[in-house]
Amino acid sequence: MHNLRSWNVENNTSKGLENLIMETISEKKSQYGMMIDLDRCNGCGACAVACAVENNVPPAYQQTNTRTGITWMRVFEIPNDEQFPQSDSVFVPMFCQQCENETPCVTVCPQNAVEIDPLTGIVGQIPQRCLGCRYCMAACPYHARYFNWRDPKWTDGMKLQLNPDVAPRMRGVVEKCNFCHGRLHTARQKAAANGSEKIDPNDYVPACVESCPNKAIIFGDLEDGSSEISQAIKSKNTFRFLSRLGTEPKVYFNSGRAWVREMAEQALTRTKKEEIYG
Amino acid sequence: MNITRRNILKLIGGSAVGFFLTPLPYKVLDDSSIWTQNWSLTPPLPQGPVSIKYSNCTLCAAGCGVKAKCVNGIPCQLIGIPRHPIDNGALCARGLAGHHLVNHPLRVALPQKFLHKSPDSAMEPISFQTAVNEIASQIQKSNGAIAVFDQQPGRITSEIYFEFLNQLSNGIYATHPSREDATLSTLHEMIDKNNAKLGYDFENTQLIVSFGAPLLDDWGIPGRMRKIFGKRKESGLKLIQIESCQSRTALQSDVWLPIKPDTEYFAALAIANVLIKENLVLLAALRQITDFEKLKHAALQFTPAQYSEITGIDFSIIRQTANKLAQSKSAIVLSGPNPGAGPFNNETEKAIASLNILIGSIGTDGGIVIRDLQKENKNHIARNWNAIQDHSIEVLFIDSVDSGYALPWNLIERKLQPQHTIISLSPYLNEIAAHADYILPSPAPYESLVEVPAHVTSNVNSFSVAVPLFAKPETVIEPENLFKLITQSVGMQLEIPTTEEAVKQKAEKIFSTKRGSVFSYSDGTTKPVSEFLSADDLCKKLFEGAAWSDKPNNSHHPFRFTLNIAAPKNVPKTTNSLVLIPQGWKVAVSSSSISPILSKLFQESELRENAGTISINPETATRYRLRSNDTALLETEEGKMNVRVKLNTSIQPGVILASVGPALNETNFSDATYNDVLSLCTISDHGTWRITQAKVSKI
Amino acid sequence: MLKRKLKIALPSTGKFLFGSGFAGMLVIGWFIFPMVLYKSEPQPIQFSHKVHTGEQAGMACEDCHVISDDGRFLGIPAVAKCAECHSSPIGESANEKSLVENYIIPNKEIPWHIYSRQPDNAYFSHASHVRLAHLKCEECHGPIGESARLKVYQVNRISGYSRDIWGENISGIPSHPWEGMKMDRCVHCHEKNGRRDGCIECHK
Amino acid sequence: MDNKLKTRPIVAREAGLMPRGVERTSFTNFLFWILPWTALLCFGVYAIYLCLADGLWHTNMDNRFAFGLWIFLDLTVIALGAGAFFTGFLLYILRRKELKAVINSAVVIGLICYSGAVSILMVDVGQPLRAWFTFWHPNTHSMLTEVTFCLTCYLTVLIIEYIPIVLKNRQLRQIPKFLVFEFELHKLMPVLAGIGTFLSFFHQGSLGGLFGVLRGRPFAFREELGIWPSTFFLFVLSAAAAGPSFVMLTTWLVQKISKKQLVKPEVMQFLGKVSGILLIFYIMLKSVDTLIWINSTSPSEGFPAFEFYARKSFGTWILLTEIIAFGLVPALMLLNKKLRARPVFLYGAGLLVCCGIMLNRFVMTIQTLALPTLPFDEFMSYIPSWEEAAAFLAVIAYGVVLYSFTFRYATLFPQERELQQIQRG
């Protein structure tokens, strides 16, 4: 079992910071992960909006399009390529998959602006450190990283409605989903106020999970064997996108439809929209 | 000392060495990097205490409970209330960003008068009093009708409109033709007891046959529908969707019957045909129908083969559907308007509604239940939009709230006299307001106290209060105050309670019946009404954020129905030309009713189609030599426009789905461009614009 | 004559110029630059922590600088908090009069300049440092509770933040352990205490 | 001296700056040549200003094409600029004295390529004011860190190498201290050449590694040899092969434009031969690498390699062109002594080699980004905006301007005087 992370603080012995003793954190690591039930998702877009509101993602400029917009949580509609009326489609929310192994974006960043948080397994993007070289975007196979091509813009009134827990990003830097890290701060803060190091799992729920009207998203600690998510990913219908690259993404998907699972395994063959020769 | 080149170089050299031994370069580098991380091009975060407030969303009639995280008292985030008894804690995408609407780019800051005669149709600020005087004189000298267009009937504000119009000799109270309770209101007209308030008991039903109702795309109370369908595996609920395109609801349905466009009437008759022929009609139900022969005649007019031919659905599938309907323990057949394309015509609605009677689902658990019995029906001048004579309205007030359904300008225009005055109460310069002569802005959502009655489709009575989350600007006027001013100006008296008083009265009424229970938003507890000490106590709780809901009230009444169904005149001809079907998403059919952040769905991703897009089957595209992302010319009898083409295999060949939605970008916020595709639609005498013959060609 | 003598006594012109450039730049960098870099801005009213924490009032830091139940640090108290005691002027000082007339009576927040104000992207939880790590206020803020006057607020013209973030000394070497509130100080303390945090631990 | 200069007319003063014993075109002609390029440069600078002040939305890059024309430009000019390090290596380390005839030109080309690349990179990044963070918080695992460090160092080396060329100017040489300084620098040259070779070796390789390490881009991903992906070595070798060709090609171009013979044909042929030898090695290794990628690397990641070429615009032809038309063919042309002796084949082959390296860099950047990775991704195309194109042209214009001035006022080709005397003779 995992030890709870705790600080044993020797009280009143300190004079200044030099003597302050905070205990070394034992090696307890959380591994936050997510699972999306694609059969429950009907593409309502609530997650995308809740995400943008939570994370102070600005609305689009006039010229912004699907390729230059910033959508940490982007829902794709993927058809099964059958003709009407045999057609079917699935909605796939796509966002940072929080790769655990050889995280493509982490290794390439020239100045350590991307890293895996050692305590939570969250792939953190530090926009303040980012110089905007976009190498990480080229590295990400999920295209889940977004560049601020313009200065963020809100109306004056909307500026007063920004979420105080997440800093807006300036132009010229890359941003992406971080499992609503601002909410983890808030949860930890709340726990700390009550003298506890351990957060209540109910206090740390990302905005997309909280807002999903279909309850299609499960979030939790993969390391904690008793959590709902570590049970849920054991289902035989569970899969991950591009798992064959070996990057061990921590976002799982689930569908009872065979064609959806097959689609997820396909490599490059689904190019119906493009003209293929040969 | 000479000033020589060499000496200057030495001085510079010394300075350079010294320069690097001072903190200057390093500090400037450090500070400039901090500056780039925090420059003023990125707005600063609001500083201040964080608090939680509770209210209800009023963007549509669902009235979902809302928990608002506020900084400095200003809401910065909205989220649903977990375990809410009515909406199950879900907010839709538009509701989640509803707090932005007070700061919407299209917001009208001041009362304005449009100078339509000037070439650029400029606006001019006007004081409320001047505007009221001008409008009052228009009313006094008018020869035609004075009308109020109310898109969300049933509110206290609606009562004010009644009171006002009642005092006029020629007042018209008009409502939007698109109604989510279309089937219920059609049944209501067929029923002999017209004081019954009906509701769908989805919670206990086994089968829903939906004629195009976007049940899973934020229809009714979105959270309620999601909860019911979320538990379908356990409850055994099945959904049969009869719709010509593969909507989000069709995608999630158990069976999708992809019928030919505009043949819902025949599909309903075909089901009735099976029910009658195979003796599946409930005997009890038969006895309740006064004009069964009429229905029988209509339903048996065509042969199965003809029905297959007309609807494009194999008759065996129709037979299966009818059998399922008859065998199901409980079932509901319903229709719903397409948010972009309006309602069905009356005949279709009647045919669909009567199926419920045939299978005996009225007044049974899991069917259509009686939510409440109204005391009495006041002789209001409530009129459906379609019942209004053409060219009769001279002065038209358009209420501030959106119904959430598309409203083509042509629909309004045909009812207006050539000389007319339009007063928009909308807080936004939206597509309809752009046609107004006066804009007298009402408070935006979350700026005023609004009561939230039970939704028209709900099976239980409920009540909650949307308390304001923002301070109301001084330049807006509540409709009740506006109408008080107008009535004073025309020399009438309007005695109406304020919303606050009305809420108190309602609370007293609830308290006196002792029925139901109150769900508190802040702690998620439920407390029976009987445990409240006083009506004030209950009222206070409602203002703090709570929802009262009644127990289901399913008393069975022996009704009699007059169906009054006319037999179809003839088989609709199949034409080779394309049909245009506008398609929208509830509430997001206008630019003003959604937050600019919805650009994430409309503009920055392809989850929802932006205005000016048509979707067609690749087969259709090949026929017209169109490719994905081409610009095409869309032509109908009403006009033409340029559209962007998208290909989608799930669309029926021969159908053009044209998106009705916001044109979500800066410049288009001020143009009313979204209506363009609606202006191409032919508006039928029934007040619908579901089907229009159209042509496309490559540009 | 004199010139010649001087020429012997003084170093060559070249060396002299080199030296004066060197020295001039040192003076500019160490003394003039800080004066130019920082702009002094007066606080709206004078405030004495000493009066409040001393025998006269005997208050503790936590009496005004509160950590709420959800762990948020509420920072400088709202004017309503001041009004609890200062509903009418206590004493006759001009500051007291200003406090009551300009802020308490119209219920307007006092626009304090905050010495420890950090950029928006820095996240700091008072709750975890005070409640979990048991740090004392003075360890980061210094003996501010004993100050009789508010010191002059100096704002960095480039970065827009208080001089106290960098520290009083332009070299960046603190003369007191609590001086300076830059990231390296946080990192230093965390590292020393064996915390291995990721960036997102303290950035939002 | 100063006074003398002041009294002379400007044209004469200008002529006094030129190297002795060589002919240069008239000042007016020179102005006519230089002005359009300067105008182009100014236009490009304006475009760059827009991107810096207003934001990178002026480009047509997007979240999918995070890199565009500029990165292609950077990779290409740095590969072509490899002539500087490789000629220096041959001259100073391997003592091929005949290359003295082109070393100055090679250094100037190198300087132009590297400084151009670095300035465009500064526009390309979103926060250029914070670009120095790489030196402060370097991520040692990142190829880009390696590139940044080596590029900066090598640019410094090139500037130091460039100084003596400028200092050799007739007027500047009259300042004794400059002469001494230049002489001292000259002694440093072999050391600098050594350092330069070392640095170039790394950053050319790192640029190759830049895409080779992208596990998430199976089209570019390559297995590691040691600590670098195979593209690391391929880039070094291909740059070394293309560098001499580009030096040869530019020299030929200068000869054509100035209508003078500047370098003896033997030198050119030698450059061609060196290029040919390296190229044939490169092509061999590249073919082996491609085969390994097709048969092992790509399938092991779950991507059948040939499906990457299943797009109309980027078919297998691109691979065949790169290896055969732009690789094997010029290599054989350059290796054959008889063909090499004929200018058409020599310079034609040189051109093919340069095209080959450009195509290779294009494939590694643009094609890699255009290809889908997720099963529901689309293949995408990208067309640069005018701002991007203008900035691109500005780099070329900058190169032409700097080269023209250096050519006019400094001695780029030591053999020129001798050859001109022969011509006159």
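Letters A, B, C and D name the chains as they come in the text, with residue numbers starting at 1 for each one.
Note that in this section a contact is a pair of C-beta atoms (placed from the backbone, for glycine too) under 8 Å apart; a residue touches a chain by one contact, two chains touch by 3 or more.
Here the structure is a predicted model, which means the values were calculated and not measured.
Nearest to the common centre of all protein CA atoms is the CA centroid of chain A. If you compare A-D with B-D, the chain pair joined by more contacting C-beta pairs is A-D. The geometric centre of chain C is 51 Å away from that of chain D, both derived from CA atoms. Centroids built from CA atoms put chain D at 41 Å from chain A. Distance between chain B and chain D, defined via averaged C-alpha coordinates, is recorded as 61 Å. Averaged Cα coordinates give chain A a centre that lies 37 Å from the centre of chain C. In chain B, the residues that reach two or more other chains under the touch definition are 32, 36-37, 44-45, 50.
Counting partner chains per residue, chain D shows two or more touched chains at residues 127, 130, 133.
In chain A, the residues that touch at least two other chains are 61, 63, 65, 69, 76, 112, 128-129, 151, 167-168, 170-171, 273.
Applying the touch criterion to all chain pairs gives A-B, A-C, A-D, B-C, B-D. Residues 40, 42-46, 48-50, 52-54, 57, 59-66, 69-71, 74-77, 79, 81-85, 87-89, 91, 128, 151-152, 154-164, 167-171, 210-211, 213-215, 273 of chain A are the ones touching chain B in the complex. For chain B in complex with chain C, the residues that touch the partner chain are 1, 6-7, 10-19, 21-24, 27-28, 30-32, 34-35, 37-38, 44-45, 49-50.
The touching residues of chain A, when paired with chain D in their complex, are 61, 63, 65, 67-69, 76, 78, 92, 94, 102, 104, 107-113, 129-135, 137-143, 145-151, 170-174, 241-242, 244-247, 263-271, 273-278. Contacts from chain B toward chain A in the complex involve residues 36-37, 39, 41-48, 50, 69, 71-72, 74-80, 88, 90-94, 96-97, 99-100, 102-105, 216-218, 222-223, 226, 230, 246, 248, 251-252, 256, 258, 595-601, 603-608, 617, 619, 628, 647-653, 664-668.
Residue ranges on chain A touching chain C, taken from their complex, read 7, 9, 11, 14, 16-18, 20-25, 112, 115-120, 122, 124, 126-129, 165-168, 178, 181-182, 185-186, 188-195, 197.
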